[in-house]
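Here it is, the structure in full.
Chain nomenclature is as follows: A, B, C and D, assigned in order of appearance, with residue numbering initiated at 1 for each chain independently.
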Amino acid sequence: MIDKTVSSVADAVAGIHDGATVMIGGFGRAGQPVELINALIEQGASGLTIVNNNAGNGDVGLAALLAKGHVKKIICSFPRQSDSWVFDGLYREGKIELELVPQGNLAERIRAAGAGIGGFYSPTAVGTPLAEGKESRVFDGREYLLELPIKADFALVSGYRADRWGNIAYRETARNFGPIMATAAETTIVQVDEIVELGALDPEAIVTPGIFVNRVVAVGERRWLRNGEFVGGVNLEGEAL
Amino acid sequence: MIDKTVSSVADAVAGIHDGATVMIGGFGRAGQPVELINALIEQGASGLTIVNNNAGNGDVGLAALLAKGHVKKIICSFPRQSDSWVFDGLYREGKIELELVPQGNLAERIRAAGAGIGGFYSPTAVGTPLAEGKESRVFDGREYLLELPIKADFALVSGYRADRWGNIAYRETARNFGPIMATAAETTIVQVDEIVELGALDPEAIVTPGIFVNRVVAVGERRWLRNGEFVGGVNLEGEAL
Amino acid sequence: MSTGISREQLAARIAQDIPEGSYVNLGIGAPTLVADFLPQGREVILHTENGMLGMGPSPEPDRVDPDLINAGKQAVTALPGTAYFHHADSFAMMRGGHLDVCVLGAFQVAENGDLANWSTGGPGAIPAIGGAMDLAIGAKSVYVMTDLLTKNGESKLVTSCTYPLTGARCVARVYTDRAIFDVTPDGFAVTEIFGETTFADLLELTGLQLKDATQR
Amino acid sequence: MSTGISREQLAARIAQDIPEGSYVNLGIGAPTLVADFLPQGREVILHTENGMLGMGPSPEPDRVDPDLINAGKQAVTALPGTAYFHHADSFAMMRGGHLDVCVLGAFQVAENGDLANWSTGGPGAIPAIGGAMDLAIGAKSVYVMTDLLTKNGESKLVTSCTYPLTGARCVARVYTDRAIFDVTPDGFAVTEIFGETTFADLLELTGLQLKDATQR
């Protein structure tokens, strides 16, 4: 019987090695797999290259991983935010390397890695400083830049519900980078609120089929839901009001 | 108020001009927008370039359009089937042009058109006769071929349910090429079983958001469903047993 | 020389120009305000880069849903008809030319439509680009919403941008607190002037050759 | 010289080699049979190119669902855990290297793993490729299921393909009615011989240099 579920977040992040490239889902805090990130901090792998849209918020999750000094390099589109003080400090001290990628190129390069595309011509960033060093080519009278896939050793993703085959359903805008990152990593690890019976997920709404998923771990229902119903009563950080 | 619904299939296919490139969804008969194709035959546009996975089955739908002599060229991956006699005859008589594209390249080229990609490097067909005349390039030790987007003037798609914003849900493997074709055409026209109230579709299972859809027409419930429940009692052609 | 209209007035003015049925992305910051001024009953579908079409207004404080945010990471709501999708699909909408309008902020806009809005190129600055470059090249109409002048009184409309570009020749129109400027093959054309500002004021404030295309 | 095993026996033999938990695509025609011989209780997830993972067996005749078909356009069923997706996503699974195994038919397989299975290059033939080229380059292990000989008694295993290729150097193993051949850097290695066929028979039937790697 196929069973991709593991019983703890520690088991879920086992084997992530020093120097690994790790994609981490989420846009800001939404869809950020905080429990998996905390387990990764605990696990201790260092010298990591992280792929995320941002570079951490506040002092939790990705920001906490950065604060530990476990991250060598970050590939992202939007590091600077009102609550990105951890990254800001490391960057100003020269303690972290940054590869800045426009968000659409970031998403499409991740998808390309998962889809077996060798490279693609993107309309974004033509004529800007981010075009420097990139091959340019005109198709149909319009200029494009050659972009290459971004692959990873591991992806940490936050889904909503999963089954034992590793099928994943997401919730609202917490979906964001999860589905594409799941396709682009050697080993994809997903945290969800709960594991449901095989067949309980709507087959029309499984956004990440289990073929892309290696391990699934349940972390309990998010604080703003009760038995799957939205009940509110939290702030944007997910803390009780 | 936004209302993309039109009241007849004739209205739905209005304006398709002679010489247009028309993408038609479907894989074999599944997801083939037969009512829209019939309306297109009636409407009379000719000299068409058709993009479809196949080249028609039996004497209905796409095959009927071919039989009318309205199609100049077909871009597809798998024309030859047990029931593709209409295409076979036209092809042998030299009355139709064929551009044969491996199915994965067909799908990815359509997606690229919808996603604004200028071109991409595909791993498929390297070392085969279909690589002739294509640019080849090595990334990371592997050879790829440059593939260009396929755009269309119109897309005819068969969905399951829609709302007045043009959001589309699909059913099972009838989804196939519909969602990507909807993104790649100037004007996307979708037939569905029924138009439901705005908000009635599960926002997690809307596969084609309305931004890609221009016109929606309801054609009535498919014969093998009753009030949305599968009841069977038909053969693969959808005819009552 | 009079001062211009308020940010809210400007947002309302921009909202007037967005036709019913448009698919619109409002950039982080001031452009977000435009949503509050869309005329009652006019349906406009808002896109947010983080995977949603059909974005609604802010929720009540006790109904904040951390899974439901906009590009600025603010809490939003979902209208009936909302659809969710992943990031590659969201940016395919932008880059594939499916959005009708985007409204962006700016540091500088040049006469040829070049836009600079992501970096002032300063040495200590931490760069951040997000989705701005994708929006700039992808939306059918790129509108800029900005004050005409910087805090130091310099014109944001320039002959050519000195800051790093977000996109080349991409801006269609600039809505400022003083006037509306269309980007034309011959440079900026002023189509509307706000308050007591005069065309002569605009010439002086920008130092540019401007065409007077106002209907007065 | 004995004849080989039946098509069903061969399908059963291939099924033995597919481990639990594999993601498998079975090509149109004979390879489809493999599904019927997967050992009871072994979970293998079947992919069909037209947008489904979790494909189940054929339905009863009165339960045929025209919306639920496989790549061969035959009626199928959906197992609990099935997921549907569109064509670009389906082929991303193939081309991105996510399928563990595919089983394809063949006209010819060459010693270097080249596969020809889509066209005999005849002048009157109507070409059709479908998803074969994508599967050939995409699956982690490409297995071929075929009779060793054509109807005319010619070997389908060849020094180099004379028919147009489907994929270059892509085949890992060829399951035939006479024997199983692994593709190795030194050509075909026979790992298992069926029935009363001998290694000498295989040398004669194929006319190739073969390595005897049987464990007998």
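Here, a contact is a pair of C-beta atoms (placed from the backbone, for glycine too) under 8 Å apart; a residue touches a chain by one contact, two chains touch by 3 or more.
It should be emphasised that the depicted structure is a prediction, and the values quoted were computed from it without experimental measurement.
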item	value
Both-way neighbours, i.e. chains that touch subunit C and touch subunit B	A
Third chains touching both subunit C and subunit A	B
Higher-contact pair (C-beta pairs counted), B-D versus A-D	B-D
Remotest chain, subunit B as reference, centres from CA atoms	C
For subunit A paired with subunit B, centre-to-centre distance based on mean C-alpha positions, whole Å	33
Inter-chain centre distance, subunit B versus subunit D - centres from mean C-alpha coordinates, in Å	28
Rounded Å distance between subunit A and subunit D, as computed from the means of their C-alpha atoms	36
Computed distance of Cα centres, subunit D from subunit C, in Å	55
Touching two or more other chains - residue numbers and ranges from subunit B	108, 111, 115-117, 122-123, 170-172, 203-204, 207
Subunit D, residues touching no fewer than two other chains	78, 84-85, 88, 91-92, 94-95, 138
Interchain contacts (touch definition) - all pairs	A-B, A-C, A-D, B-C, B-D
Footprint of subunit C on subunit B - complex, ascending	1-2, 111, 113-117, 163, 165, 167, 183, 197-199, 201, 203-204, 206, 209-212
In the complex with subunit A, residue positions of subunit D that touch it	20-21, 23, 41, 43, 45, 47, 53-54, 78-85, 88, 91-99, 138
Residue numbers on subunit B that touch subunit A, as the complex places them	108, 112, 115-123, 137, 139-140, 142, 144, 148, 169-172, 202-205, 207
Subunit A to subunit C touching residues, read off their complex	27-31, 53, 57, 77-81, 87-88, 91-92, 98, 100-108, 110-111, 122-130, 170-180, 207, 222, 224, 230, 232-238, 241
Residue ranges of subunit C touching subunit A (in the complex, touch as defined)	48-52, 59, 61-69, 73-75, 78, 84-88, 90-92, 94-95, 114, 119, 124, 126-134, 137-138, 164-169
